[in-house]
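Here come two complexes built around subunit A, the first alongside subunit B, the second alongside subunit C.
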Partner chain A sequence: MDVLIPSPLHSYTGRRRVDAAGATLADVLADLDRQFPGIRFRMIDEQDRMRVHVRFFVNGAQTFDLSSPLRPTDEVAIVQALSGG
Partner chain B sequence: MKAGERRAAEIRSRIRELSPHEALALQARGAALVDVREPDEIAQGTASGALTLGRGFLELRIEEAVSDPRRPLIVFCGTGLRSLFAADDLARLGYEAVYSVAGGFARWKIDGLPVEAPALLDGAARERYARHLRMPEIGEAGQARLLRSKVLLVGAGGLGSPAALYLAAAGVGTLGLVDHDVVERSNLQRQILHTEARVGSAKVASARLALEALNPGVKVVGHETRLVNANVEQILAGYDVVVDGSDNFPTRYLVNDACVKLGIPDVHGAVYRFEGQVGVFWPRAPRQAGPCYRCLFPEPPSAQDAPSCAEAGVLGVVPGVIGLLQATESIKLLLGIGQPLVGRMLCFDALEGRFSELAVARDVACRACGSGPLPGRQDGELPGAGNADGSA
Partner chain C sequence: MAVAPKKTAVRATAGRVADVAPRTRAQPSPRRRPGVLLLVATRKGAWLFHGDARRQTWRCDGPHFLGNIIHHLVLDPRDGRTLLAAAKTGHLGPTVFRSTDGGRNWKEAARPPAFARAPGGEPGRAVDHTFWLTPGHQSEPGVWYAGTSPQALFRSVDGGVSWDLFFDLQTDPQYRKWLGTAQDGTPDGPKLHSILVDPRNPAHLYFGMSGGGVHETIDGGRTWQPLVAGLEVVEGLDASNLAFHDPHCVQLCPSLPDRLYQQNHCGIYRIDRPSDTWERIGTRMPKRVGDIGFPMVVHPRDADTAWVFPMDGSSVWPRTCVGGIPAVYATRNGGRTWQRSAAGLPQRDAWWTVKRQAMAADGSDPVGLYFGTTGGDLWASRDEGREWTCIARNLPEIYAVETGRPA
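The block that comes next holds the complex of A and B.
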């Protein structure tokens, strides 16, 4: 499925839109980490919690549950707080 | 008898005149009441519900205003003479039932019939804001409302520049600017309030020159200081809308928390490289309570997780796009029109040429606006004492 990567993490992916697979958000993040080693830790902390400045949206709706099921046609947007003005 | 009077007498033979009371009764049955006086007369007040088309462009505007030629038209002017000529022209255009009000608006008022309050715009303002006045969503009342409004721009930089310029152009009457920086040459790639000649000047002073040159009718209030806990509420209080165009997280959280407390909408914009975010954070939104910035991002990231634009760069036009969306949202909020970005965030990707819309939910346990069981707070009650409509 399509995953939109926030700009501050483009240093891992080199681009905004990447393809990742998984039946849940946790699976997708694991797949992303396989493709782009280290990226998961920038979004999820040691206790498997979402970092407070990174939020996850599935088809535009926010989700707080890493185990929520996903379909291959879903679009996951990962959004990071930006400060620039 | 003069030629004009002879002609009026001749028109009276085919255009029926109504008394103001008869006109009011016919208007209540669906007739269109048309004011053909000059704009400066109309600005002093008109009959309630009148179409203020004026005489000059009457034939060009009437079809848009009244498309059905069978709908009766009641034309009035100041004293009942000009309206006879106008009524005659409208009848010739094909309107089947056209009347003129004998005695005009002068007699309408003497008879104590309903009038709309005089408008506040003078001739120069009506010319400057002519394109706004043409739109029913704004009109003279909306423009007068903008002129009475106060918007505070936090930061006169990449976001604040386009936002301030367009808000000044739109006639937002008071623009506050908070910035403690001076103009640097590296700002000029995107901060279009400033100029090469003003490198080294305080940004607030430079911005004032640009805004007053564009619209001298706008009052610019400068706050050449850094926003801190001790001054934030004092500076924000009294503004209708706050536009957050700051460049660091401590200021953004400070602005959010003060906006929540004061009940002011926080029109948030942020940029990074080719990406921008814009949303309205407003727990006191009258129609539906929205989230605040902390509902979305409870805490700022560490410095290493969020390098600034100074470190990472930004495409100069991206804050232009986002700053103008902030100005757009501000104007909508001030006028109470459209659907504000409350509970929604637009994310702009310049390289993809795409906006994505994200639904942002309120966090009931939010530290800033949450209605959870926090000490000294009832369920459902929000902190702070601002007005529900944000016009504190």
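The block that comes next holds the complex of A and C.
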């Protein structure tokens, strides 16, 4: 599926859109880490929590659940949280 | 992450600020005496300043990792080529970058410092940032130590590629009690810092915790003991509770490893092992200046000489130069007396300060001293602090300054 990558992570992917596979958001992030080693830890901490200022959207709807089921046609957007500065 | 840093040169001019200018001088040939490398970590990236052997001309190499928060940048003295940088950004989690060619190319650690996953149902801890990096003993190439926030001590045995928890303070019942709560730390999180390796014995280590005191192991980290006797705590608090001890920076004298100096939240101290009691030597500082500050720098060859950069620790702790007038203070007799050193520094209206990692000495003779300010200026002295020159200005807030001898 199509994954939108925020600019702070372009140093890993080299581009703003990449293709990743998985039945859940956790699977997709694992696939991203296989393709781009180290990228997952910048977004997800060692306790499998989303980092405070990173946000995940599936088809435009924000999700906080890494086990959210995904379909191959879904679009995942990873964005930096807007926090007023 | 690859970076194409800009390279410019500055010529240090005593007593005034030297602007960064286009490079005008060829690089020293390999036959010349090696120069000094300054490693500058800032809130918005890292810079390398290559000085010639006389420390008169500085070539600026940077920014590296522009926009990243770099808490510490250290050159491995065992090979003169390997650099480690502790990095994070405002949004992304922490990591460590490595260069094995003096900063031309960088590669991220395969496994940065991180806690173990907590058992099901427990909240678990996550590293917010790696704060301190220390190369291991000369006899242990590839060994590095890292101090983090939340406070923990990590170790790498492969040159910083992968990191493991070395001493789990949080699961040791006694240490967990001493660590206190998150509120016992500094505003941006309590930090484990000042990781010191005894040059005579790789199994003999010290570290400091901004909330938890100074600690020592003599068995390679299997057991640790507090080393806080003689240290004062904030008035009204119980000094027997280690959670109230706040070492800011601890340094071991390379020429006399049984001597340590410490800039603490509550003064300047010295200890001479095997004594286990610190002596407050900052009481001999001028009363109007006081002995509060963050950095502590020791002379590489003379254990009686050390330098501090006092700050205003009154009332709400402004953490600025005292009275807006910056000055370094030096002792040449182990803390019996202190001399002010401010020639070349601003005479007034300088409301910045120097953080705990942002002051360093080189190994030259006479010793070169350097400090970076929260206002983004980088100052240097080629004569052990007698005269100061600004060698770079308008950098981001400087978090750390280290020196090195590149291979």
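Following the convention adopted for this analysis, the second predicted complex is superposed on the first by the 80 of 85 C-alpha atoms of A that agree within 3 Å, B and C clash if a C-alpha of one lies under 4 Å from a C-alpha of the other, contacts with A are read in each partner's own complex, and residues count from 1 in each chain.
Convention: contacts are C-beta pairs under 8 Å (C-beta built on N, C-alpha and C of every residue); 3 or more make two chains touch, one makes a residue touch a chain.
Source: prediction; values computed, not measured.
For the composite obtained by overlaying on subunit A, subunit B and subunit C cannot both be accommodated without a clash. By the document's definition of touching, of the two partners only subunit B reaches A:Arg17; subunit C does not.
In the superposition on chain A, contact of A:Asp48 is made with subunit C only, not with subunit B. In the superposed model, A:Gly38 makes contact with subunit C only, not with subunit B. Shared-chain residue A:Asp65: touches no atom of subunit B or subunit C. In the superposition on chain A, A:Leu4 contacts subunit B only, with no contact to subunit C.
In the superposed pair of complexes, A:Phe57 makes contact with subunit B only, with no contact to subunit C. Judged by the touch definition given at the top, the superposed model places A:Leu82 against subunit B, while subunit C stays out of reach. Two complexes overlaid on chain A leave one subunit B stretch from 43-51, 133-141 or 295-303 clashing with subunit C, and it is 295-303.
Once both structures are placed on chain A, subunit A residues 6, 8, 42, 51, 53-54, 80-81 are touched by subunit B and, in the other complex, by subunit C.
Those residues of subunit A whose C-beta lies close enough to touch subunit B in the complex are 4, 6-8, 10, 16-17, 42, 51-55, 57, 60-62, 77, 79-85. Note for the complex: subunit A touches subunit C at residues 6, 8-9, 11-12, 37-38, 41-49, 51, 53-54, 80-81. Of all residues in subunit B, those touching subunit A in their complex are 155, 157-160, 244-249, 252, 269-277, 296-301, 305-309, 312, 314, 319, 345, 347, 349, 351-352, 356-361. By the touch criterion given at the top, residues 1-2, 67, 89-93, 95, 108-110, 112, 114-118, 123-127 of subunit C touch subunit A in their complex.
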